[in-house]
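Both complexes shown next keep subunit A, but they swap its partner, so subunit B is in the first and subunit C is in the second.
Coming up: the complex of A and B.
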């Protein structure tokens, strides 16, 4: 049969800069191909050029989209195809929908453009398609605006919008990336249904684990080129290219604690929890912690204990109260009720002056480290500032210590004169870790520390955190929405849902035999390779 | 800023500082010395900017006028920014009700066109260099104050200061190391832009006879005096006007370059 998509030697360049380099693949009806690679690998540009939206200089020996020569298509001809024969589901549903128009109208626009149906026929069709994607109460929801819908509903609307033109090819560009596992599972389910209906699905993702469930074939992209392509089974179990192996190794789910995720990391000895001396207090005790914002409860009666030298993973969906919990623990918000005890000393609620002396025992790492650095400081100055307790950013006599810190987080000392803006995402996070380690804290609070990083960079940062914990015995409160990261990093897990900790216990127990209904839903939605 | 831009702006600033403080180095003649026999001489090698109705050398007067014009510009900007720093910082750090009060006052002041407000102030004080400074300074303050306030508020709630809190920094260290330097840096560009604007306003007030009184060589006043003879001696108005344009455009360009640098940060 004729493939719906036939790409041969596709190259795209921007102002002489090659973004996609001689990429070839085919996609037939009822088939799913996944383009996997890290940010900047050219996968999104590839997808966009299939819709005539790349914005760069496109060349190819062959570029057939729905049996039409895409290289020869004029802009009006493209408009006929886009949203009709070929559709794209984007990552961010809130951004992709007009906040001022009812979602039903947004969907209907496609029909106005591409069909000859009259108004009532169009409305009926919209209702039908919303019911097909299992949006509850389609009649009521189609009259609402995107901001009035939950994330899951928006994602369904977006899929409905993509489907209403009865497309032959569906391109999902990181459609599951920013979603927590439950929503991601929902989208994957919808995409699977599309495939089974005989449509061609092209998935774009940086996450091998996520595409593995759905894709028939996987093409691994790096630096604009496809380095390896083959059936999913073969890519996952017998990867040929070194880079594919790197990506596979980087997936944390099912990898035992302290086993390395990146190639450069030497294998650590599996380690027992540091035998805590019986008289020393736990690193962190949180009791009955509650916090509301304008009567809206963010954290409700949360309580947990972080033993010394161990990692407690706090997992939950966005908006479940994880970050508020972190801020309460760090003394950045005043709790309504409850207390935080750090190494046996009362930490919160307390006046800032009273707890300042305890601050050197607790550090924090954020998802976006750049915002936490003074923009005027160089890497070396940031660390000097941290080491000198803020007395100076230029203090002499800290040069050796700065060098040691950089070495500890595996950053090249020549970077110390650079500004953090010039560093990559992974390097910035290493710098943030180095700064947090400067006062030699006993506890680190890590709020989504690797969520903004590509899988392979994430792997190296997680390996670094593992190594540092083994060397220094620092306790981690590790917050993430990513179950596989939590499973790999944590000795203990606490699951948060709507501000409450619904289940907690040793990692193996919570993941192996979840007791709470919500935990079970989360676990089944988690993509697993191993 | 590129290296050339840095050198050029440094030279520009150096030149005007020199003319303001030691005009006689560049134009040794007396700016007030009249010589009726030499009146209305067109620009020539003897008088490169020509002479005015009393035979005074226009070049000498333009150079000597720099002192007054720049003094009013700088002093007014300093006054405006000083007031703005106090009001803006107070509003940003004050409790909510006080913030609201200060904001409303600033908005009320802001709603009056600046030049109109300057005229109003001079109506009370009478014309002169001092009143011109106060007038221009006061009328620019509300705009600056709102910027200072938003700048400090943004910084106050920034992750950067939060990170400093987590590292155990006290209020004093946070203000000294992070808040003040980061708030001032963008304001520096603004001040440079403001000086050009203030020079124009000072000239405008003098032009209207409300700033420096004649026969002192002030650019706005010279512009105004030359207006009468525009049809027979264009150079009387042209060269003071050129000086205003050069200073205003120069400070704007430098301000923009600084602003660009700040934005890149």
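Coming up: the complex of A and C.
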């Protein structure tokens, strides 16, 4: 069969820097190929060069796109192909739509470029396609801007924009990344439908578990090269290349608690939770917590107990009230009702002055740590600042302690003179962990700590968190939308839905025998490999 | 309904601002050293008799207690009675009707030209190579930095004295408008371009611009559909300020090109301590500023309804 995409020895370089190095693959109609690799592995550049949008210097012995020689295509010829026979669904639905234009107009632009329909015909077609991707109230929504839509609606709009041109090849660039499991399932469902209609689907992702559900074949990319390629079944069950095995091992789904996800971490005995001594209070007791913003309830009567030395996983979709709960627990937001008790002491609601003595017992780590670092501070200054409780940022008196902290989170002490902006995403998160550990807190609130990281980096950070918990006995309130991360990391789980905790209990119980309807829906949407 | 409420808020706010401006003028004028009665009689050089000065004081209410003068002043303003100019001996409103239109014309034209030039610069900067960008950047900075009086003089030298293409003095023809408008518009254009370029670059390098390219749009189309809006927003926010700076720039430009207008009247009014004229001009400038601010806010709302709400 004549493939829609035929790539032989594709190389792309930027100002002499090789981003893609002699990559070859083929893709036929009705087939799905996944390019899997870490960020920076060249997978997105590869995908963009298939649309003539890489922005770098492209060379190849063969580059056929929809039976046309892509190396010889002029810019106007490319413009006829893009959005028409080859389309791309981009990663972040919020960023991929212009915040200043109604979403309907964005979709309509495809028709403006590629059809001779008049204004009313175009509007009718946009309405039609939005109904086809099941966007609620298409008539009203198409006039709104992307910032006024929910994440799910934006995702549907992006898919509608890709579909309206009736494409032969669909490139999905991290289209399921950082989506909660139900949204990811929605996107996968739509992509599967496209594949079944006989279109070719090229998936780009860092997450093997997610692509495995749809891909017929997987190509694993690393540092610009394809290190292994084969049928999905073979890649998952009989990986040949060491790097593929690393990626597979990094997937937390179904891995027992405390079992390492990354190589290089010493294997710890899965630890039994120490029986809670009767005289010491639990790390955290949350009772009847509620909070509304402008009469819109964000958290409703939430209650849970975090035993000492344990991890409670708080799971739910975006907008379910997880982060507001975290802010209430940290005393950053005043609850409307209810209370938070930290190690037996009342923590919220309370005056900040009364709380200050207790503050050092609780720390927090967020999804994007860079925003929480003072951009003028070096790594060492950030840690010194935390160690001295804000009294000093001069590294002299704290040099040894800074070194120990960096070692504890497996960062090279040499980094202490660097600016956090020079660190990689994984290193930044380690720095955030080191800073949170500086006052030796008893409780850590981790709000989506690994959601911005590649699966392989996520694995090393999760292993680090495991190790630190075993060494220090810190209790974790672990917040995530990712069920498999929660399952791997938690002793107890609380499921949040529309501001309420709908179900909670020991992890095995909640995951093995979900009682609440919503928990069951979440579980079925969860990708499973093992 | 929402529009009516918005308009109501704007008008209410404008009245408060005008009242504050009027009060500030009232206080400021009385802080000027010298006897206003002397100014009425034609300045210190006129050697007016004590009797004539006393007459002038009572005629203009200058012998009343200060608080009565203030309320009298406000009451007159509410009736749109700005009084009679000391130096021109004509009602201020009538003089304003003559000098305001040419100045507003000049400033508005300069504003439009500055925006067009800025958009053109921004578009060129987007398409230019590294050297072109550097050159463009230098031109913008120089344009934004040159003072009006120097630029005006250079333009006159170049285009009228040496090339003889355009008249150096405003003569009422469209050709006579070109140099004054350019003198006002060029520095503003440089400044606006600097503002636009940053947000334009961010927009053109964003995911949604890539998405637009992936839909098959050319770079120019992406610029037109996406880049322009994002570039215009920050510049739009400063246009109210820009317009008021154009009005003050007009003082200089009108003097250079011997154009009649508000600027020259203001200059002579201040020099002659012509209090009714100064009051009238300041209030009108404030009003013009408020109207321009409301207009730019309305345009911003059109471009970015969500952003304007928050």
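Going forward, the second predicted complex is superposed on the first by the 473 of 530 C-alpha atoms of A that agree within 3 Å, B and C clash if a C-alpha of one lies under 4 Å from a C-alpha of the other, contacts with A are read in each partner's own complex, and residues count from 1 in each chain.
Keep in mind that, in the parts below, contacts are C-beta pairs under 8 Å (C-beta built on N, C-alpha and C of every residue); 3 or more make two chains touch, one makes a residue touch a chain.
The shown structure was predicted, so the numbers you read here are calculated from the model rather than taken from an experiment.
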Is A:147 contacted by the first partner subunit B, the second partner subunit C, both or neither?
second
Please indicate which partner A:386 is in contact with in the superposed arrangement: first for subunit B, second for subunit C, both, or neither.
first
Should A:372 be classified as contacting the first partner (subunit B), the second (subunit C), both, or neither?
first
Could you tell me if A:359 is touching subunit B, subunit C, both of them or neither one (first, second, both, neither)?
first
Is A:413 in contact with subunit B, with subunit C, with both, or with neither (first, second, both, neither)?
neither
Which partner does A:439 contact after superposing on A: first (subunit B), second (subunit C), both, neither?
first
Once the complexes are superposed, what residues of subunit A are shared between the subunit B interface and the subunit C interface?
none
Within the complex, which stretch of subunit A touches subunit B?
330-332, 352-353, 356-357, 359-360, 362-364, 366, 368, 371-376, 385-386, 389-390, 393, 435, 439
Would you mind writing out the residues of subunit C in touch with subunit A in their complex?
206-208, 210-218, 221, 225-226, 229-230, 233, 303-306
Quick check: in the complex, which residue numbers of subunit A touch subunit C?
48, 51, 53, 75-76, 79-84, 87-88, 90-92, 95-101, 106, 109-110, 113-114, 145, 147-148, 161, 165
Quick one: in the complex, what on subunit B touches subunit A?
158-160, 162-170, 173, 177-178, 181-182, 185, 265
